[in-house]
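Following this line, the structures themselves.
Each of the two complexes below includes chain A, the first together with chain B, the second together with chain C.
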Partner chain A sequence: MLALQLTLTGLQAGALYALTAVGFSLIFGSTRVFHFAHGATFTLAAYLFYAVEAAGYGFVPGLITSFAGAIIFGLAIDWFIYRPIQRDEGSFFTVFVASFGIGIVVQNLIGIIFGRSFVTITSPLTRSRELLEGVYVAPLAGIAFVVALVCLGALGIFLRSTFTGKGLRALSDDPELVRVFGLSPRRLSAAAFVIGSALVVPSAIFTSMSTGLNPAIGHHIMLISLAATIVGGIGSIPGTMIAAFIFGLAENLSLLWFEPQWSEAVVFAILFAAIIARPSGLVAKSAAH
Partner chain B sequence: MENYLANLGVLICVYSILAITLNFIMGYAGIFSLAHAVFFGVGAYTGGFLALNYSSSILVILPAAMITSAALSLLLAIPTLRVRGEYFVAASLGLQILAVTLFTEWKWFTGGIGGLVGIPPISIFGTEIFRPTSFFLVTLVALAVTIAIFGLLVRSNFGRSLRAIRDSESAAAAFGKNVPLIKTVSLAISAALAGMAGALYASYLSFINVESFMLDTSVLIMAMVIIGGTGTQIGPIVGAVVLLSLPSAISYLNFLPQSEIGAIQQIIYGAGMTLLMLFRPGGIVGSGGK
Partner chain C sequence: MNYFRNFSAAAAVVALATPAAAEDITIGGLFPFSGTNAVYGDVLSSGAKLAVKHINADKMLSGTLSIAYEDTQALPQPAVVAMQKLVSVLEVPFTLTSFTGVSKAIAPIGARNEVVMINGGGVGPDLAELGEYFWNVIPLANLEVRASVPYVVEALGKTKFALIYVDDPLGGSIRNELEGVLEEIGGDLVSEMSIAPTAQQFSGLAAKVRSSGADAVYIASYGAQQVQIAKQLRDNGVDAQMISYSAYGVPDAMNLPENEGAIFTAQAVTLEASDPVTKRFVEDYKAEFGKDPAPYNVNYYNATMLFAILAQALEAEGKEITGANLLAKRKEMGSFDLVGGNVSFLDNGTLLFPIDVKQIEGGAARTLTTVDIK
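Then we have the complex of A and B:
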């Protein structure tokens, strides 16, 4: 029964990880920007929702603020930081450091404004019900899982069937070719940041209602997203998705054998094993070199 | 006052060593590591453990710390340096997270959360060094040796190979350079000296716990290198001096709430990293553009 319980929790965690990881993977795959501040987008979205909700304005205004905040933040970083740097020299290193700096600033500003301890939004949806004997599930977990699958499905359809979506997939292979076909790489990169940043919102909101938030949460999200992108294969959205689910399940199922403080270590043990065994990722698209 | 200055001097020396060793792999070999605090920590725990249980002789502690850190770096390097840079960033981040868990849980070696307490002072040929002023001299010598080692390495054939790899890995490989081997060796040398800094740090403070070796420390060392000037010889030391003086400089600004000083310091160096990348990617002492 415990295994079933942990599998269910793991699937929920995996679905939420998949949303943030796919956003990172989409941005990295199509624009080659190592967007380390993606974790900061998550923290910002979560705290904006929390602030509006805690002030008593309710769920929908919170949701809208969170979406607006995440998208504006993502676009602003792309526009004011990444583009000027890439204009001079597009080195991976320079962009990464700038992005890392932003992450530090956001985490500490949020710490100053909201304090560094855990905050949670209480909701009747988080109260667990007994599904089977000894297996408890909160309605929120089910909702989170379904919402995540819907978002991921919608993204898949968008990438496959729309002009912009196809452009995004083509951008990582050949920016020149994209230009030839009359799509602007700049507009596409903005689209990648909008979609990637918006994808963290459902995950951020569900986290604020279930496990709670602290300013450092962006780190954990960033680690998982990065690990899932690498394990799944850089540029492969399905690979990233599968890897995120594996991490969600592994983190929870590891509780069958290990103490909870080891769950993060389990994720990185998998990352190491994956780098050794399949350096090009689960779903190989571009070669490792 | 004398002790205060000696204390600051010791910390500046220790962090300068760390920044120089990180700069060597980051600025010259193009290996982007987020796990430098791990090598620092392994050296500190090894040194502390040996001093507590066996001997606090400098001839025992420093070599042991250096060998252990270098050996650990091989575990990271061998699987990951064959693949692209992004993989190494992820793997080093992974190592950093794993190491914090291990430092906290491996109680008989690291003392768990409580850390190692009462580490005896280091002894040089039977003389115990416990006064901050004399310890400052020891770390100053260690810093000078570090500067000399990396100065020689950078100017040697090996250093030229490293720069070739940083500028174009495929070109270097085409010229017959064994890229993974050269990278692995540089990481091992860098880790060994970071381990030495760790052993000195443990002996100086006589108390260490996991808090000194977490991701924040790796980021701090990285900030020192970047803000000072990546790929320059004096940059990492400038970075260490600037960032270690920052807390006391900030505490002179009376209007800031005392409880937020740590966060304000982090914001300053986070913003500093971002703005430098925009306007002066070479760092304070760098030549402007790269």
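Then we have the complex of A and C:
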């Protein structure tokens, strides 16, 4: 029963990781920007939802504010931070350091604005019910899992069926070719930031309700996203999604054999093993695209 | 150019003609102001800020006292950098410190440079053994476990314990103490789980606690993590009695609805005492911060006030305020009038207080019993 319980909690965690990791992978795969501030987008989205909800405006206004905040933040970083750096020298590492710095600044600003305390949204949806003897599942876990699958499915359809989606998949390969086909790499880059930033919102909201928030919460989820992107295959959306679910399951099922303090180490052990065994990632990029 | 030269000369004359002002005095303050334990930064420093206000208002020292705060993030590595700055650049003789891992990391630097370090927040039992320049104004965790666990076993009849402890010196020492105490009083440690200090997901952990059959769960963590553990345990169907130590005495833990009924310990301080030091502290703290003081606020007020008492005595004798002189003066004076009454240090530099076993009820802490620890 413990194994079944841990599998269910692993799937829930994997669903939340997948949404954030896929957003990061989409941005990195399309634009080649190592958007470490994606963790800051996650934190910002979660706190905006919390602020609106705690002020008594309810779920839907909180959801809209969270989406708007995440998208505006993602676009603003692309326009006002990454592009000027890329225009001047285009160094990958300069962009990375800027992105890392943004994450720290946002974390501190959130601490100043919302306080450094732990905050959470109390909801009956987070209270587990006993499904089978010894197996507890919260309604929120099921909702999170379904929402993640719907969002990821919709993203897959968008990338395969729309002109913009196909452009996003082509962008990292050859921006010039994209231009020849009448698409603007800048607009596509903006689209990648919009979609990638929006994808963190469901995960951020579910996290604010289930585990609570503090200004540093984005750091852990960013590490998992990064690992999932590498294990899944850089730029590979299906690969990243599969890797995120593997990490969520591994983190939880490892408790059957190891102390909880090793659960994060298990994730990175998988990362190392995957890099050695399959450096191109679980799903090769050509297949991913 | 002439104007600049004339202005400089005039400024130099004025500076030389002005009587030398008493030298201002700076001490250090090593607290977390960012990271997952940032909530403690404000909680721990507020008592010290009030003490500085009182010390300067009373002109206890020849110069103005100030605290150079450094952000440790409650992590050893940034704390060592901060301590080096305090010792080498600011040359402080005395610093406030917090958190077990941080305090253990900075202790060799302080001892080497003869800087007094005083802890009012970390509770790892090892903190009693960091040398004579390291003082504690808080009972350490081993004493807290000896107060709460027998109460839970004997008064509440809970005998099967699960322990969730953070993998650092504090968590390890609580595990050792808990094992010993349960063995003595006939309880069982049915499950023990160590967690990384950065972990945030505990639903899997809750499943393990449930499957262990524990009727009490001791949480040996701190900061946002301890509250996340409590919430996720309750959300995931764990209804065992939750127990923790003095780190639970923060608003985050008190205000969490899932923590209703949780038991924690803290040193007993009689805030209703009629002595002028305690009365002034309580009244001014309420006026300044709009709420009742908690034990952490008392500790850092006392720690800062202790520096002023010692430094004042040194100045009266015409001695320099150095770490070595502060240590010698503390040993010479023996006891001090601080918030909570007249207190004395043990030989190992730790203040001994009775311990309150408290329960969270409606967002506040109610004292269940007070235990005298020997």
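Just so we're on the same page, the second predicted complex is superposed on the first by the 284 of 289 C-alpha atoms of A that agree within 3 Å, B and C clash if a C-alpha of one lies under 4 Å from a C-alpha of the other, contacts with A are read in each partner's own complex, and residues count from 1 in each chain.
Everything below uses one rule, namely that contacts are C-beta pairs under 8 Å (C-beta built on N, C-alpha and C of every residue); 3 or more make two chains touch, one makes a residue touch a chain.
Just so it is clear, the structure is predicted and the values come from calculations on it, not from any experiment.
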Note to self: Following the superposition defined at the top, how do chain B and chain C come out on chain A, clash or fit?
What the structure shows: clash
Note to self: Just to be sure I read the superposition right, which of the two partners does A:108 touch: chain B = first, chain C = second, or both, or neither?
What the structure shows: both
Checklist line | Touched partner set for A:138, first chain B, second chain C, both or neither | finding: second
Next item on the list: Could you tell me if A:217 is touching chain B, chain C, both of them or neither one (first, second, both, neither)?
Entry: second
Item checked: Which of chain B and chain C A:268 touches, first, second, both or neither -> first
Note to self: Tell me the contact category for A:239 with respect to chain B and chain C: first, second, both or neither.
What the structure shows: neither
Next item on the list: Quick one: classify A:88 as touching chain B (first), chain C (second), both or neither.
Entry: first
Next item on the list: Considering only the touch criterion stated at the top, classify A:226 as touching first (chain B), second (chain C), both, or neither.
Entry: first
Next item on the list: Using the touch definition from the top, say if A:6 reaches chain B (first), chain C (second), both or neither.
Entry: second
Margin query: Looking at A:69 after the superposition, I want to know if it touches chain B, chain C, both of them or none. Which is it: first, second, both, neither?
Written below: neither
Next item on the list: Mind sorting out which residues of chain A both chain B and chain C touch, each in its own complex?
Entry: 107-108, 111, 219, 259, 261, 264
Check: Can you list the residues on chain A that touch chain B in the complex?
Finding: 34, 81, 84-85, 88-89, 91-105, 107-109, 111-112, 219, 223, 226-227, 230, 234, 259, 261-262, 264-265, 267-269, 271-272, 275-276, 279, 288-289
Next item on the list: Give every residue of chain A touching chain C within the complex, in rising order.
Entry: 1-2, 5-6, 9-10, 12-13, 107-108, 111, 115-118, 120, 122, 126-128, 130, 134, 136, 138, 210-212, 214-217, 219-220, 251-252, 255, 259-261, 263-264
Item checked: Partner chain A, residues of chain C touching it in the complex -> 33-36, 38-39, 41-42, 164, 167, 193-196, 198-205, 207-208, 210-211, 223-224, 227-228, 231-232, 235-237, 251-252, 256-257
Check: What part of chain B is in contact with chain A in the complex they form?
Finding: 30, 32, 79-80, 82-87, 89-91, 93-95, 97-98, 101-102, 104-105, 215, 219, 222, 226, 260, 263-264, 266-267, 269-275, 277-278, 281, 289-290
